[in-house]
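The same chain A turns up in both complexes below, where it pairs with chain B and then with chain C.
Up next, the complex of A and B:
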């Protein structure tokens, strides 16, 4: 004690015991390194997973998305009460369908002066704004479906009408006449009914029960307008 | 003995009655915060809750009494504010449409059907349906009228849809706005018993346009007489709905002003229907030619092109 007290003032005479000298023997052992690489004890499998979607080939990425879109197409064509369309929504399918439909429905530049069919932009706007309006309507009525889920369902259910457009285009290559028109009318009506059934199978459950008809009617109007545009298409 | 009675367990009555006896007692009420803003919408919430709130002297319950006519309690930038305008069930919408089709003299559409629950669902979707009904019927009727002509090339006339949409939505929103402004201005001068909110007027106008949907579909028939009879019938029904709705609102006013208002309302309605008929539907001139002169012309034309 006396030595320790005198040690700061008297460096030369006695060997002062350094403060905390005993600690170095106790806490820091030679075995534990305090320098070097710090490795976080993570499972190496996670790091492999993270880099796999980043480093995978473009073909894999595209094929994965295309398979998801194709799976949803199958769900639309054979509508069962399943949640797949709602759970993993994506907007690639609706975009592909809408662009295809608008490309086929637009009038050529030849008769653009006359009051003809819709332009590409008009079809695009009608489909997307119609879908947004229906979604807002169903949300305002108290439905518990999310915004993008509803857009996804409405967009995917245009698939039967796109198929009808393709069929109509093929039928129009044949000679015009009333039989031609009856065939087109029949195909369009059939696909229109298919679209309605498919979309109500997915959307009806999300509405409160006393307002189902109020939420389904705008869907009916939406697909009716698209069917009318398909039916009255003249090349 | 009295001691036994004192020791008897005291039954605590219902919260409501015990608070009625002792209104100053401090109470703790645990309320689900999610339910409070929804108290005013949905009558099936249970009236017991409202009784409790009233007896608790809750401030919101006083406001509930005062705001019974206007239930928009959320600020206008929230989604719930707009949900209050869509608080209708299927049967209510059907009842309102029925009321607009069958005007009963003496029964006010607003008082009977809307009853301070104006909705925007009806006006918006009836106008949308009407837009497409007029455009599609016009297109179909033109196609049928010009069916025999060889020089006619069918076009879908898609441009007319946007014109129809502009006209009908402008009518359904601007005319109620003007009418509401006019009624508010007259209300400041003459005290009227009956006054309508802007949304109720939009609602009446929207539902009164419903009769034009079947009218537009029937306008496909290419007979001028049939079309004008349809115009008269539709104007009679929807005009009377509007007149009977707005007559109580202007009745106390100067006689001339009241009559002028009603006449203007009906006139604008007629202008809309006649304008739509004239613009979207071609005149069926072919049917006015006597069959004797028409037949040889057609056979000559058919012989030329065959």
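Up next, the complex of A and C:
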């Protein structure tokens, strides 16, 4: 053991030996651990994290991600000024919401099967390009929010409108009429207001204080277009 | 003699803590690389140079670390590893050079900071500009001021898209081989960008003093009148009301733009050409938006073509069903032709 420690870099050796000649003399007994952690704080933590998520089962990964998404849903439904959506942003939630909304907004129209296609793509493109445009706008106005954080917040705040879509679908199962329309109108307006309040609670802090209205207006337009698509949906 | 000594002493005393702080900074840092972030404007270099220096210093650090790591590797492997190490170093250097070039190109072209000065507005400014866009000012001798910003026009175009979508939905417009949203966005952005470019080109021909940014801003703010008219008339379906609004509100915003252009152009023929074109396009666009996407046309089309064909159905001509971009102009042209035919026949 002492040989192994001394031989590689021994400066005091007078005789010119080939490098690492002493390594052949090493015998490793069983109770000496030959693996361990290099004690550089940051690096060891990262390596540990990587290997642990790679070796865990798929179910664990999915459940962890779903729990994170669910936690963020709760934050959207009860909007307080918190940093959770901004700090650990992810785009799973917006993807799930967007696909759900687009699927529900497809109309199986009597004209042709082709009409189902554009509806899905339409909603998808509106949501994502609308979010990108709003993000660019808020960055150009001088906001200090990152691109994906803003996408994350805008995507998650579609949750109330998805709930409104579900409610509208259920209400449409009943008989059509003006009362039906009024109920749907009320629900959609309520959820639209909720979406705007939720996204403003998260996004407003990142803007310079005198320009909040300028940043909130495109968000208002964006959710207005989505609400309009939900309200005018007829199966 | 006392007096020069005292201020000198005072200056030294006053600068004592500052100098001490400076010493502390250098000693406490201890890094071989000068921290560029603390250099304010003493260097006098431009923004890009600072960014480049930053990048180069960071890469030098990375290279130093990599070189140190490779030195250790070389000792370990002996002679055989040397050739592998050389090839690795060459590959590494090529990678670094390529990466540097790519990041420089990316930071140059994907830099949205180019647009940042055009979004430097306050809400009060936007409000006042919106109101001013409806008030024509008769000042012909001096060039009238045009605010060169893009936030207001962009938001107005998006608002127009939203209003158009609302109108199309209320009138149950069916668009085959395309989408409502695509048509709305294509129409509005096409008008804003296309007519601005055309007016800029005409202004260039007519020797008018106006830049592309200013035509974009002018036309963008002119859409405010369109937004108001369409918002009102998509909800209140009265023909006479629409014509009244078209003349009044549309006319006011057109007069404002015409006055601005007249103040920036010299010569009667040039003024007539430029302003006539702008006025025609502006007013006709409002007419088109109202008639092409609105329920009012339903009744007229019914009487013309009979009840077989559902109203406002745009049947595309024979086009290859390939690109959405190909479909869109065709549907728009088709709709224009139909709208023009309808307006001609309804009078």
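General remarks:
Everything that follows uses one rule, which is that the second predicted complex is superposed on the first by the 176 of 235 C-alpha atoms of A that agree within 3 Å, B and C clash if a C-alpha of one lies under 4 Å from a C-alpha of the other, contacts with A are read in each partner's own complex, and residues count from 1 in each chain.
Assume a contact is a pair of C-beta atoms (placed from the backbone, for glycine too) under 8 Å apart; a residue touches a chain by one contact, two chains touch by 3 or more.
Here the structure is a predicted model, which means the values were calculated and not measured.
On the shared subunit chain A, the superposed partners chain B and chain C overlap sterically. Looking at the shared chain after the overlay, A:77 reaches neither chain B nor chain C.
Contacts of A:185 after superposition on the shared chain: neither chain B nor chain C is touched. Of the two partner chains placed by superposition, A:91 touches none, neither chain B nor chain C. Looking at the shared chain after the overlay, A:141 reaches both chain B and chain C.
When the two complexes are overlaid on their common chain A, residue A:197 makes contact with neither chain B nor chain C.
Contacts of A:225 after superposition on the shared chain: both chain B and chain C are touched. Only one of the stretches 40-48, 76-84, 310-318 or 328-336 belonging to chain C has C-alpha atoms clashing with chain B in the superposition, and it is 40-48. Where the contact sets of chain A with chain B and with chain C meet, they give residues 111, 114, 118, 122, 137, 139-142, 210-211, 213-214, 217-218, 221, 224-225, 228, 232. Residues of chain A touching chain B in their complex: 111, 114-118, 122, 137, 139-142, 210-214, 217-218, 221, 224-225, 228-229, 232-234.
Those residues of chain A whose C-beta lies close enough to touch chain C in the complex are 19, 111-112, 114, 118-119, 121-122, 125-126, 133, 136-137, 139-142, 210-211, 213-214, 217-218, 221, 224-225, 228, 232. Residues 79, 82-83, 85-86, 88-91, 93, 121, 125, 128-129, 132, 136, 139, 154-160 of chain B are the ones touching chain A in the complex. On the side of chain C, the complex with chain A involves touching residues 78, 112, 115-116, 118-123, 126, 151, 154-155, 158-159, 162, 165-166, 169, 174, 176-182.
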